[in-house]
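Common to both upcoming complexes is chain A, partnered first by chain B, then by chain C.
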Partner chain A sequence: MSISIQHINKGFGQFSALRDINLQVPSGELVALLGPSGCGKTTLLRIIAGLESPDSGQVLFDGVDTTHRDVRERQVGFVFQHYALFRHMTVFENVAFGLRVRPKATRPSDAEIKKRVHELLSLVQLDWLADRYPPQLSGGQRQRIALARALAVEPKVLLLDEPFGALDAKVRKDLRRWLRRLHDELHVTSVFVTHDQEEALEVADTIVVMNHGQVEQVGTPQAVYDQPATSFVYEFLGNVNAFETPQGKGFVRPYEIVVSRSPSTDSIAGQLTYVHSVGSLVRLEIKRADNAQYVDVELGREVFNQSQFAQGEQVFITPNRIRVF
Partner chain B sequence: MHATQSQQYAAKIASRRATSEPVWVRYGLITLTVAFLTLFLLVPLAAVFTEALRKGWSVYIAAIFEADALSAMWLTLIAAAIAVPLNLVFGVAAAWAIAKFDFKGKHFLITLIDLPFAVSPVIAGLIYVLMFGLQGWFGEWLIDHDIKVIFAVPGIVLATIFVTFPFVARELIPLMQAQGKEEEEAALVLGASGLKMLWHVTLPNVKWGLIYGVILTNARAMGEFGAVSVVSGHIRGLTNTMPLHVEILYNEYNYAAAFAVASLLTLLALVTLVLKTYVEWQAARSAVRNEEGVIAS
Partner chain C sequence: MGFNQGNILRNKPHVLPGFRLSLGFTLFYLCLIVLIPLSAVFLRTTELTLSEFWAVVTTPRLLASYRLTFGASLIAALINLVFGFLTAWVLVRYQFVGKKILDALVDLPFALPTAVAGISLTAIYASNGWIGQWLEPHGIKVAFTPLGVVVALTFIGLPFVVRTVQPVLEDFSAEAEEAAASLGANRWQTFYKVILPAVWPALLTGFSLAFARAIGEYGSVIFIAGNMPMVSEITPLMIITKLEQYDYAGATAIAVVMLVISFILLLTINLLQWWSAHRHGSQP
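Up next is the complex of A and B:
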């Protein structure tokens, strides 16, 4: 099911959370709403779900206006940031909940519910936890149960609020890949909220970058990373260094800087204050001689090994690509 | 080897000392507390039962099964049977509204719920007399329609409801606020109706707090004296609750009977205490279980 968001505005008291948001989510896509905290991304997700209503504007599912349709009738699956599993119910009952609360006419039989729940638990690879209670599960397990519960009602749209936010780094990476594969299997239109650019870049088909209640840019991960529309997008999607240029403030990624021991025509002198050489990349911190600002530089290990810069050394840096907005 | 052991032992004692008071302070405080409790709680408790049984079991039994005493018990049970369910519903509704929604005047509502705690029970009774009594606001209308509120059962029930209504709400509000509304939202998104959400998600989550509130409400409903005294009129066999019956017997110098009925109220208090302890223990246990789960993750 496709989602279309048209001229959505939303305020909380004096604070304007969303300003004239327009967005198209094609059917079957996995979209990330990316932005810093307070940018309105969660509010937008909740408006799509029907948990919050916009002050003005419309939400269309497959071209049908659903702005005022009750959250129960929207057929969305929602995974909450802290999972919101029913703590007094077993994992099985949690997943079965959406089927059990249906009106009698459309409620599946107990046998069907049992079959369906076990299918879902196998899908998230946690069938063996059916009789446990949520407090007895790890964070990653809770996350997957929350997802199984949301999928039980066969949602047309799957919405996830910071799905990996509360997990530790290792689990987060595994779950990220797993979610991507699951989406490729199910092809349900999915929107997830995140403040982690790496997560958005790795998982999503399309990234919607938001800031201060507005959409800054919409595009594929490659597009928003390589052709950022605004300086905010550029800064938010990776580390940057700011340089003064005749055209105004310019931005340079840490790997777009050449470091050498001898000066060239437009190089800048500086002192190497710190070398961090763990992993495939070596990070250098260089203090500029002219304005005492620090510049972050990333070198491939091969490149670094050839020159072997040492801490405290005098070096010259040349940005080979400057972006000015 | 011995030296290190004794050193360790000394270090252990020292570290214990660092975080606790000197022995005489600890034992002093404990003695004081126990003495106070004995003097003001245990001795009177023992006195109630001693006095009740002073003239033997037969007098005790007779006092309890006397017609007016039975009718007082019956009225007490009726007042509690009406007040407790009503305040249960009201308490859940109020706590629900306050904990899960934002609206103007929320703090005023919380203050209002606390009013029965703040006002003297006698004043609470008087309010009803002023409203429903013969000279009260609705007095004439009530007489015209032949409805008796004051000096009758309805007045007693009203006064009981008034003095007991904060208990359930007061127990539930902090609990519900701490739990937030994500689980309720999850239930709604999954298609649950409001009632199903309340029954399957909200109430099970506050189960122990709710039971605790009901126990306190019941204890107060059965034991209330001041407010009920004002609206009752003390008509024997008709508008006397157990606490009022005790007072009447006592004023008639019928000590054995007075203490016999009082002993029933005392037993009620003891049962309440046991139930309360059990509920607190259960609630703590389920909290610990949740806590352990969080740590394990």
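Up next is the complex of A and C:
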């Protein structure tokens, strides 16, 4: 199901959380709402779900206005940041909940419910936990159960609020990949909220970058990373160094800087204050001689090994690509 | 669970020191405050032979008082269960002017001397009182009837349910309710499938506290009950009556009966709680 968001405004008291949001989510896509905390991304997700109602504007599902439809009737699967599992129910009952609360006429039989729940638990690879209670599960397991529960009602749209926010780094990575594969399998239109650019870049088909209640840019991960529309997007999607240029403030990624021992026409002198060489990249911290500002540089290990810069050494840096907005 | 003495006293490092000392002190303290006075009651009762004991505790007048005490306490605790939950819900979920005052009012039955509560309730519900005068024409008599006993016991038991349920409701995340709604549950289903099971242990605790308090209540009841033999006499009053006649053995005999029944009831409720906690996997 496609989602269309038109001129959505939402305020909380004096605070304006969303300002004139327009967004199209094509059917079957996996979209990330990316932005710093307080940018309104969760509010937008909750408005799509029907957990919050906009002050003005419309939400259309497949072209049908659903702005004022109750969350119960929207057929959305919502996965909460802290999972919101029912702790007094077993994993099985949690997943079965959406089927058991259906009106008698459309409620599946017990046998069907059992079959369906076990299918879903196999899908999230946790069938062996069916009789446990949520407090007995790890964070990653809870997250997958929450997802299975949301999928049980065969949602037209799957909405995930910071799905990996409360997990540790390793589990995050695994689950990310797993969510991507799951989406490729199910093809349900999905929107997830995150403040982690790496996560958004890795998982999503489309990224919506938000800031201060407004959409800054919409595009594929490649597009938003390589052709950022605003300085905010550029800064938010990766580490940056700021340089003064005649046209104004310019931005340079740490890997777009050349370091050498001899000066050239545009080079800036500086002192190498710190070398961090763990992993495939070597990170250098260079203090500029002219304005004492620090510049972060990333070099490939090969390049670094050739020149063998030492801490404290005098070096010259040349940005080879400066972006000015 | 390996719950034996070796396990509890040996080699388990604790964050705070002095586990043995505090355990010892707790046991000593409980003995001093609870167990010794209670065993004195039992000891005193042994002055009677078994048949004498049985004769004392099964007189028709006393049997009627057991029925009233335990019956009215049960009804009052049930009323408090429902309305205490409602009050807690309103206090937690809604913002309104005067909420702080209402919140403070809940504790009043704790602070008020029970006799004062009894006298004011009697004044209000008497046939010429503020509320009583409106009930009288409809044939409803509250003061000096078993109904009055229920009213008084409800009054003194209210804070227990509110104060035990309130913190649990405050902890209960709105997310679980939203999750239920997003899965298609209607309001009633959300209430009895999601909210009620979560607050159930707290409700049960509040209920048992209110119930226990009501069984032992004396001060507020004797004024409103009217104390008519066979109709509106509560068991604690029967004990006082015996004491006034210097029949100490008889008084403690009744006390023993109350103790045993109360203990069985509270134990049952505790077991129920333990069972529901285990069933819900909240214990490791």
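Everything below uses one rule, namely that the second predicted complex is superposed on the first by the 325 of 325 C-alpha atoms of A that agree within 3 Å, B and C clash if a C-alpha of one lies under 4 Å from a C-alpha of the other, contacts with A are read in each partner's own complex, and residues count from 1 in each chain.
What we mean here is this: a residue touches a chain if its C-beta (ideal position, glycine included) is under 8 Å from a C-beta of that chain, and two chains touch if they have at least 3 such contacts.
Since the model is a prediction, treat every value here as computed from it, not as a measurement.
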Combined model on chain A: chain C and chain B, fit or clash: clash
Contacts for A:72 in the overlay, against chain B (first) and chain C (second): which applies, first, second, both or neither? both
Where does A:84 make contact in the superposed view: on chain B (first), on chain C (second), on both, or on neither? both
Touching partner for A:149 - first (chain B), second (chain C), both, neither: both
In the overlay, answer first, second, both or neither for which of chain B and chain C A:51 touches. both
One more residue to check, A:279. First (chain B), second (chain C), both or neither? neither
Contact-wise, after the overlay, does A:63 reach chain B, chain C, both or neither (first, second, both, neither)? neither
Scan A:101 for contacts with chain B and chain C and give back first, second, both or neither. both
Once the structures are superposed on A, label A:135 by its partner contacts, choosing first (chain B), second (chain C), both or neither. both
On chain A, the footprints of chain B and chain C overlap at residues 49-51, 71-72, 76-78, 80, 82, 84-88, 97-98, 101-102, 133-136, 149-150, 152-153
Give every residue of chain B touching chain A within the complex, in rising order. 182-183, 185-193, 196, 200-201, 204-205, 207, 289-294, 296-297
Can you check the complex and tell me which residues of chain C touch chain A? 173, 175-176, 178-186, 189, 193-194, 197-198, 200, 280-282, 284
Residues of chain A defined as touching chain C within the complex: 49-51, 70-72, 74, 76-78, 80, 82, 84-90, 97-98, 101-102, 132-136, 149-150, 152-153
Chain B partner, complex, touching residues on chain A are 49-51, 71-72, 76-78, 80, 82, 84-88, 97-98, 101-102, 133-139, 141-142, 149-150, 152-153
